[in-house]
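Structure incoming, see below.
To keep things simple, chains are lettered A, B, C and D as they appear, and every chain counts its residues starting from 1.
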Amino acid sequence: MATVKVCNLTKKFGNKIAVDHLSFKVSDGEFFCILGPPGAGKTTILRMIAGLEKPDEGEIYIDEQLVNDVLPADRDIAMTFQSLALYPQWTVYDNIAFPLRLRKYPADEIDKKVKEVASLLKITHLLNRTPVLASGGEKQRIAVARALVRSPKVLLLDEPLSNIDALLRLEMRGELKRLQTELKQTIIYATPDQLEAMSMADRIAVMNAGKLQQIGTPDEVYNKPANKFVASYIGSPTINFIDCTLTEKNGHIILDAGEFTLDLTNFESVLGKELYGQEMLMGIRPENVQVSKERAKNAIEGKVVLVEPLGRMTVTHIVINNILLQAICPEDFRAEYGSKVWVKFDMSRLHLFDKNTEKAII
Amino acid sequence: MQNKPVSWYKRPEKFALLLIIPLQIIMNLVGLFPLIAEIYVSFTDWSPTSGEWYLARFIGLENYYRVFFRDRLFWEAIGRTLFLTVICVFTEFLLGLGLALLFTDNFFGKRFFTSAILLPMMVVPAATGYMFFMMFQKDGPVNAILSLITGQSIKVDWFVHGDTAMFTIYLADVWQWTPFMFLLMLSGLLALPQDPINAAKVLGASRLQVFRHVILPMMKPLIAIALLLRGIEAFKMFDAAYIMTHGGPGTATQTVSMYMLEIGFRAWRLGYVAAEALLIVLAMLLFAWFIVRPIFLKR
Amino acid sequence: MELSKGEKLELEELTKYFGNFCAVDHLTLTVQPGEFLCLLGPSGCGKTTTLNMIAGLLEPTYGRILIGGRDVTYLPPKERKVGLVFQSYAVFTHMTVYENLAFGLKIRKLTKEEIDKKVKQVAHILQLEDVLHVKGGNLNLDQTQRTALGRALIIEPAFFLLDEPLSNLDPALRAVMRVKLKQLQKELSQTVVYVTHDQLEAMSMADRIAVMNAGKLQQIGTPDEVYNKPANKFVANFIGSPTMNFIDCSLAEKNGHIILDAGDFTLDVTRFGEILKKETCGPEVIMGIRPEHIQVSREPVKNAIKGKVALVEPLGTETILTMRVGGKEIKTLLLGTYRASIGEELYLIPNMDRLHIIDKKTEKVVV
Amino acid sequence: MDLRTQKKIVTVLRYAILIPVTVILLFPIYWMFTTSLKPPEEWTPTPTNPRIIPTRITLDNYVFLFAPFGVMETFAQFRETIHMPLANSLILSGSATVLALIIGTCAAYAMSRYKAGGEFAPFQLLMFRMFPPIAIIVPIMILYSALKWLDTAHGMIVFYTVVNMPFVIWLMKSFFDDIPKDIDEAAMLDGCSPPQVFFKVILPLVKPGIAVTFLFIFIMCWSDFLGALVLTYRYWFTLPIALSKYQGLFGYLYGPMAATGVIAAVPCMVIGIIIQKYLVRGFTFGAVKR
């Protein structure tokens, strides 16, 4: 078990900056997720920690030791690849035993360890087969078993669930999390899937275009997104954004979206005078939009364009002139295409972003 | 962990170097050094019968001057080779593509027909030469079969006339290399994405329209590579043709390779041939760099 | 130009064998003009084969296909006028958007002016005017998709066949395109057969859903019907995410009450007595309940099932709790963020109105 | 037109084209094979009988080539055995192929994984293969006459190794490129040093590729004509040269000549059919895979 620390890590490929002055620290036994869309630099970070890629700048510490110049074989790190990279010419047993054999473990100890990890991952029945014929989920387990067998200091997982179908993914998600809790293994997990990150991670680092956007617990990144990117990337259905400006009228702070206005006087403490007249982006999650078929006080009129009955809830798409909103309604909510509805926002869950810097204000 | 000494050959860069050094040695020994010698020799009148190459008389640019202004046979051979190359490759391409189109879906005997069509390209070219030499003899099977079909006694002496001799060379090349084009075109056709083809069908296109508007444009890059590779190979044309005609009658079927063999290794004017070889290498280098490389690297 | 309205599509006993393998098995269904029908099923269930037969790319082994009442079973694709959009979009990469759109018309030998007029009109509807002269290979996903749609729309098809058209898009764009596609279909009142393996997509867009598995039609109905009244275990399992909890149980009668015995807990299902008696073949049944239909309480409640928290997955909008009850695992889905620690004891309250009982032998949903 | 009628027409057309084409393509090979089995009186067709099907089959033509007595005594003064060229072909092709494969495989791995030799190294090799062989032989002739390597085994082996090196590199590189780099990296993280990655993990994985390359290079060496024509004269000439030499000596003895042709052609045809799937890859330097 170990800690990992990276400072000012930077990597360029030609002119493209893949990772830009990144710093973070993963503590012992933590499940740390790196979340971001394709091209955010997630894989590059893992590869640099593993030693497969040389950083252009910055330092990597494993257990407080600088490892920039240590060969990958000597870092005592395990990694699973997106392509899994199992050795197709060997049996599953030999695949898992390979790292131990290279380290010259005695045969009986290898045997014991391989069987132990195989039963932990429920692949004992596969040991004498080649991995080529295994199913997607099984291959995934074999790759994890091979990584875990020598109890590495840090386990790096690169989008391990991206190649398996949705149902199995849900199951594997739970299993991986349970495994980690049991073994107290330090894990750095890269994924583009916010649901995976939210459900498994102790902390999430949200990345975009090589830059760190926010680090925090799942609760923090969901409820207190640091900027527009984080707010839009996390949560499904995605958060609604509405262009608006901040103004003052008769001592009230008013958010003007053109089609409607909201009174933000309650947020006086964070909304300094210098923000008045500025262009803003209001963010509200679909579950914080209440929809009613009856006209109500302070409610905004809109038109239904699509009702998505998802079973456990209904996602309703509403237009207010040219603003498109998604709202989560109770599961039995139904409305005709084009019918009128009235919308209210949960003001305590409102987010406000500066339109230029995209940083969160509220 | 970090201060453990690492054996030098385990460093990736060093290991890579170790792997590639044998190649460098052998390619430079047999490639680079002789090239330098050749450049020198091309400025002399060296002939192995007259002594060692470094003792030969230095004659400056005379060899090059002769190539350009005094050697009609050389340029005729070039023209002839280019002509053969163009018509052979063109025929092979049309036949190969046509045949490949018949193999895009499954039918009874597909494996047999594929293997049968591929067989000619696996015959050693020298053997092909002898095969066609036998077939086109005056008393050979081709004349016999033609007689049988036409009912008249046909006794064409194929190798005695320049035109008919050229024709047999053309036939031999087409026979041997159409299978290669077929194989290339077939692998191209099989690798095509099926969706655009089906899309065109559903939009109402007939088979011919699908071929013209969808398949052909999608095959373009592969066709370019196929024509290039085959063209380069055809320009080297030697083995079969040499066995069939030895360049004759006279010089009527002499290709560039045959001509250079004649001058260099029968008349032993190696200094002069060195100059010719260098010119061809130079032409090929330019061709490779500006035409082949862009097409090849696109893949 | 008045764009044509959609026509009716009927499949009668449509069957396709590949060798001995039956890909589509006696499929009969009718798509009404202007209807949005989803063909939903896992990969390999025969939906793509069905689609290829409708488009005329595959010959059926048996059965009939009727478009607007006309038998087209063995007609070549040209004479069917089907608007097919592929999963890969299959836009001709070597042609510009304009040429792509014009392709179907050029084939039909329309004059240059007619083609130009129609292309401009369709380009306007699909907002492709700006990219008309861009090569198909240089478009972004969204434009590619619209080009594929336009190319199909321009030949005034009898109906549309869409083969997983959204599966290549990222989730955010997918949500937007779902809305746009549905809007377009409503405005042009086109008949659409939409093939997908994504139950969420089917639920959100379809007027009716036809669920297929292993070449056979499992159920056809509105999204509400397939969600609330699944016909069999396959449909119950395939629709809804996270999937329905299935627990092996046996039925027993005690003191006039019918008891559903799962070993670790029992439920009183006397209220379903009549149906149960009539429809089940034996006491062996499977209890099915969706995670969203189980409430959780920290205090003991009557009829509640005691369990231990095995896993908490906070997803932001909702939280999935995996509970361990004896040797079984039951998933529950709670709206919002629910905090619980692993090992904590909680009480599960199933919503008895939403409980399903499935016969173990036939896998039919009884309740 | 009905889908089913269309299908029938296509089927009929397909066979109407394929059958004659196949017959024409196979005829020269058929003729050589049958001639090698015909007695002298059937070697040439007559105006009335094209002699497409031999009436009597004999192995005399082969015996004539291998054993210098007993058969076809009328032609005794032309007799040349083919023991030597056959052995030469086997020795030279075999050794050159092994040597080229050892050097080329290592270098191809270095190029595939480490971009060793720079980005253009593989392409330079390809260009080398583009020149007409005669242009390459001239400088080699200069070198060999200086080294006294003409008409020697080692000279020919080195020559074949060098001229076929581009094929080895491009083919093997394409096989290495087919293996995801992730496998190398996984092995490194599992604790392999770079040499261990190559020898323990990757090399066993490309075994089929090595086999294909071996066979392909073998037929390339075996088929060579021009190289042996210029660089050998007395001791180390190969089968194709024998074919040409004997053509001058007993060119119109079609039977024995056809037998020589068969002996030269058969190994390549057998190997060619075995590696059919990979021929495209070989001839296009790995650019077109199938």
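By definition in this document, a contact is a pair of C-beta atoms (placed from the backbone, for glycine too) under 8 Å apart; a residue touches a chain by one contact, two chains touch by 3 or more.
In this text, all values refer to a predicted model and were calculated from it rather than measured experimentally.
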Other chains in touch with both subunit C and subunit D: A, B
Contact-richer chain pair (by C-beta pairs counted) among B-D and A-C: B-D
Distance from the mean Cα position of subunit D to that of subunit B, given in whole angstrom: 15
Between subunit C and subunit B, distance of the C-alpha-averaged centres to the nearest whole Å: 56
Gap in Å, rounded to a whole number, between the CA centres of subunit C and subunit A: 27
Residues of subunit B touching at least two other chains: 6, 10
Overlap residues in subunit A, where contacts from two or more other chains coincide: 71, 75
Two or more partner chains touched - positions in subunit D: 193
Contact footprint of subunit D on subunit C as seen in their complex: 56, 59, 74-76
Contact set on subunit C toward subunit B in their complex: 52, 55-57, 76-78, 80-82, 84, 86-95, 103-104, 107-108, 148, 151-152, 155
Subunit D to subunit A touching residues, read off their complex: 180, 182-183, 185-193, 196, 201, 204-205
Residues of subunit D defined as touching subunit C within the complex: 1-4, 6-7
Contact set on subunit A toward subunit C in their complex: 37, 166-167, 170, 173-174, 177-178, 181, 194-195, 198-200, 218-219, 222, 232, 234-238, 285-287, 305-306, 308-313, 315, 317, 324, 326, 328, 331, 337
